[in-house]
């Protein structure tokens, strides 16, 4: 078996966590859910930090917990970023990192000290003690530390919550790269739809201690009955190949099944695959194609289904572009005016800028 | 004097905080800046938690610190939400709240226990100890506690960072209401552009310990040279009156200087003022008005200026609508194709859904 | 033969009185001292810490001997108390209290010091932002959070005073009802080869102390907030 | 007259040896005991805590008396050691060590217990996720973080062994070079009315201890991470 | 009146009895405090509230006199200690001086010769018998005569020089387990009592000292295993 099998049942006062699932042991699994839904508890159980009698935990071919058997935390090849500050207060930032490096799995030194320190922007802080660091700085050191132990599974509990947008946008692609290049599976807890969109391959939605939805990101996100209120962040995620780069205008072209889309050039070479996100709020519908607007992407699409959004004035419209599916959010009034119905064809207008990495 | 005067100079290893400013003593001042830029240190200095010789701190008519004079923290009428968990571990959630309530300024019991407990969704958690709460739950109790001390000035250090979107969207309007109804000034540290947009009346941008920009939100945000990379969140904030509500389509109409805009009905009565945010990424330009698209807001606008965005393929375009200013982000290619230049007139297309309460 | 002689009973009562008074005095003196040691940046810190621990390295009866010299009318303490019109302290109950306090101080200061130190500044800062003044903070935040340290301090201070006898013997002069405490009484029984009485009294002390200590430790037992993850 | 007689010097050396050995033994025994007390959910916890503190409430010479009975050939300890072919322990250095360990145990267990308790579980969890096994975690995380507690434990244990004499007197038999430690030596000088020698030896002890203690406390001084906000 | 008495602990048994008899025939009250003579000496110099001092030796009272803390005229020897070599371990063996030379024991307990007259006497005996070098390694010292007794009684020491008075207190001690050391082997262990400055005007103090010299008291003292001084 190659997945991460989790089966557990835990009662804590009036909180009941009941999980029986198998997560993919590659790529990023994002655990999503409201505050208090049990995300941290699940992650801790997986790591072995929570002692849950009768639980079964399995990582790839190793049984981590079953009946009497219990692999102690320090023998599990994982890295863990805690939700709250967890640096050793008696060690400087550097010594915190060294603590991990010394105990790392020497056979797989794939994560490089220099590179990670540089990326997380902590080079100047290494001689400070945790008490001399800002909240975000502490968190960045903690992330570096979890990576330097060279884990085979990375567990991260809202690692970027205390970081600013700019910093997040620097770290996210790096995590992405780790996932791809090092084949390092991650289980990642977050509240942030942006992080979901960016990283997730597999999504698990927790509510009151139970999994209410799970599946591959693309499928899960475009389901209109998707049980979490992604709100402003509803949309679709597509994987597609870069087919052209226009250096002059700073644009790249990707091919999707229904045609092509321009998006701002991210330096990705022609022929590579990128993940793009199309927010529902950035898709508008037009009866005819317009080329006198600043919206440069216009693509023919067929309405699959409509569903009321969580606000009465808005509708979510699922659109088929050959093989791919995207979602548009439009006002109920427009649906009425344009007569949006399943089977009808429109031009989906997508602002190039709405495409994420 | 009615503002919050802060003058200080603090050297800490290679971090140097130098502030000399006056913040408005009403409404919400948001402190924005990268991780490690000095936000927490500034807030602590204001509260009196950081002992900085020679600093001058003044709140409205009271001198909090000047020369030898130093009002101890517990005599300053403030509430403080710490960046990191700060509940008393030996007290249950309820007792934590009672701790504040007992010591509250009795003359101004404006914040109601029932209401705040209800709003923050912590009613069921009151008998738990901090160690039995999730990260977000702890933070919510801490917010309630800071409010129940009935402060005259509320200092909050990334209070919502650990909360999910849904919870954030519930709490933000409440803070907004506090600010309006109780006339409770706040100084609010955040990384989140959404929170900036929602709450800020006044914005202070810190970088490496110095204020690099400050001013009223509307002015500050629409300046194209605005020195922080708001990135995806660039845009404008307008204050405008609701003039019509369409119950059938779930839409409200507001009047702005250049015309009117439809946005999803938030239950705000006709005649009231709302704050709307128009993200640059949600504004597209068209040469002619189109009524065969799902974009329901189309408004004539004159180009004021253009500036390259931080990505080469994108431009930010500042648009004048009579008295108001909004910003559009369009691809450089479109700018070229549509010949966007200062003085030219276009139709600014704004998706109704892009307007935040 | 009854279980306890009148003298034994008298000694037991006196011991309880002495230990109680001494423990109170120790906590009252030890707490601000510990607080100062935690918060001072003074260069004297290590020195004062060492000074507090000093009574430990001298045999109790030797400490008693020097205290006796100091309390004599021409000794520094005796001179001072005589000036105050209190007479000399040797062979009086207050003298015993003073001597026991000096001798047991390190056992009280150390645990309180460590407990307060381990709290860090955060709880104090939080309390200040919630309008709690220094006393309020001390009683409602520091004391409960550092409770294990205070309990340890009280236990060590109390028990040590009960069990201590070298100093008491020297300063007290073994006067029935005034300075003859149980430890001295047991010692006397042993010295007089009256093992029966010694055994009974020792056993009583042990059982009584076990009960008191166990009760104390149950109070200081971790509450819910310690049981689960922190 | 020289400052120290040969006997005094011998006693000083013996004392250092005894205190060092006892302190090591105490830390080695006290640490796991404290650890157990912190982590156990056992109902016996309070009872064991009380038991550890018990030696405090009995006068040292009485404890010594009972230990003497226990170490006699027909006493429980004596029986056991004789079975092992070790002979009896009274009047031997190992016997002194054993007695001092029993007597000073509470001073070592308490501070370590409190220090470990105050750490909470988080550092242990973090260490485990960084692949540190139990020993590794103990030496590289628990020990440095709980250092003030261990230092206090060592100081109290060492100093108390140096100063303790009631037990030593009873068990040791005052054999020069084997069991005659400094505290007994000073006591003897005082009892023999040889106050001059007593003063010199006491002063030496005080100065030496002050230096050692001050040095120890400087080591345990808060490092950068304690000085600033936490 | 009340008389406060400091009594060397080895004399606690007879003294309690003497005090009881004394109280019975007079209207005075006696408060007894037992302890080591050395400690009493230091305490008396520091103003301890004692009227009378029953020392375990002659030197301390003499020294107090020379320091003007006691009444020279009142000093007298109230008892002479009797030294006994005793074994609790092997009661079968009949003891005499040869027991010491046979060296079939590992530990010999004596009182600290610096502090306790019984200890000094024991050392004299050993030296007189010419066994000092041979026995030195077997010696263990009790701080006082009581501790020495306990070393032997508990069996930790095989043999010990104790006070006959202590053996007298133990009803089960059989006669053939100890050897009363002849006077000729050591200087007599003379224990002196003295009236302290504080008790000068205390009628009870003087009366108690007088009573100690009475025939009744002497009988008590002898019954406890002491000798009565010849003169006085």
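Residue numbering begins at 1 within each chain, and the chains themselves are lettered A, B, C, D and E in the order written.
What we mean here is this: contacts are C-beta pairs under 8 Å (C-beta built on N, C-alpha and C of every residue); 3 or more make two chains touch, one makes a residue touch a chain.
Everything numeric here is computed off the predicted structure, so don't read it as measured data.
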Task: Where chain B and chain D overlap in contact partners, by chain label - done: A, C
Open item on the list: Going only through chains that touch each other, how many steps at minimum separate chain D from chain E?
Closed with: 1
- [ ] Provide the C-alpha centroid distance between chain A and chain C, rounded to the nearest whole angstrom.
- [x] 60
- [ ] Round to the nearest whole Å and give the separation of the Cα centres of chain A and chain E.
- [x] 91
Task: Inter-centroid spacing, chain D versus chain A (mean Cα positions, whole Å) - done: 56
Task: Shared interface positions of chain C, touching two or more other chains - done: 61, 65, 122, 125, 190, 226, 229-230
Task: Multi-partner residues of chain E (each touching 2 or more other chains) - done: 39, 42, 150
Task: Contacts with two or more other chains, residues of chain B listed in rising order - done: 49, 132
Open item on the list: Help me check something: in the complex, which residues belonging to chain C touch chain B?
Closed with: 122-123, 125-134, 136-137, 140-141, 144-145, 147, 223-230
- [ ] Quick one: which bits of chain B touch chain C in the complex? Just the residue numbers, please.
- [x] 47-49, 72-75, 78-80, 82, 86, 88-90, 99-100, 103-105, 129-132, 145-146, 149
- [ ] Under the touch definition given earlier, write down the residues of chain E that touch chain C in their complex.
- [x] 4, 9, 12-13, 31, 33-35, 39, 42-43, 45-50, 144, 146, 149-150, 166, 169-170
Open item on the list: Give the list of chain C residues in touch with chain D in this complex.
Closed with: 45-47, 49-51, 53-62, 65-66, 106-107, 110-111, 113-115, 117-118, 120-122, 125, 148-149, 152, 155-156, 159-160, 162-166, 183-184, 186-187, 190, 198, 202, 205-206, 209-210, 213-218, 221-222, 226, 229-230
TODO: State the interface residues of chain A toward chain B in the complex, per the touch definition above.
DONE: 12-14, 33-36, 39-41, 83-85, 124-125, 128, 132-137, 140, 157-158, 161-167, 169, 191-193, 229, 231-233, 246, 249-251, 262, 264-265, 281-282, 284-288, 290, 292-296, 311-314, 328-336, 338, 340, 349, 351-354
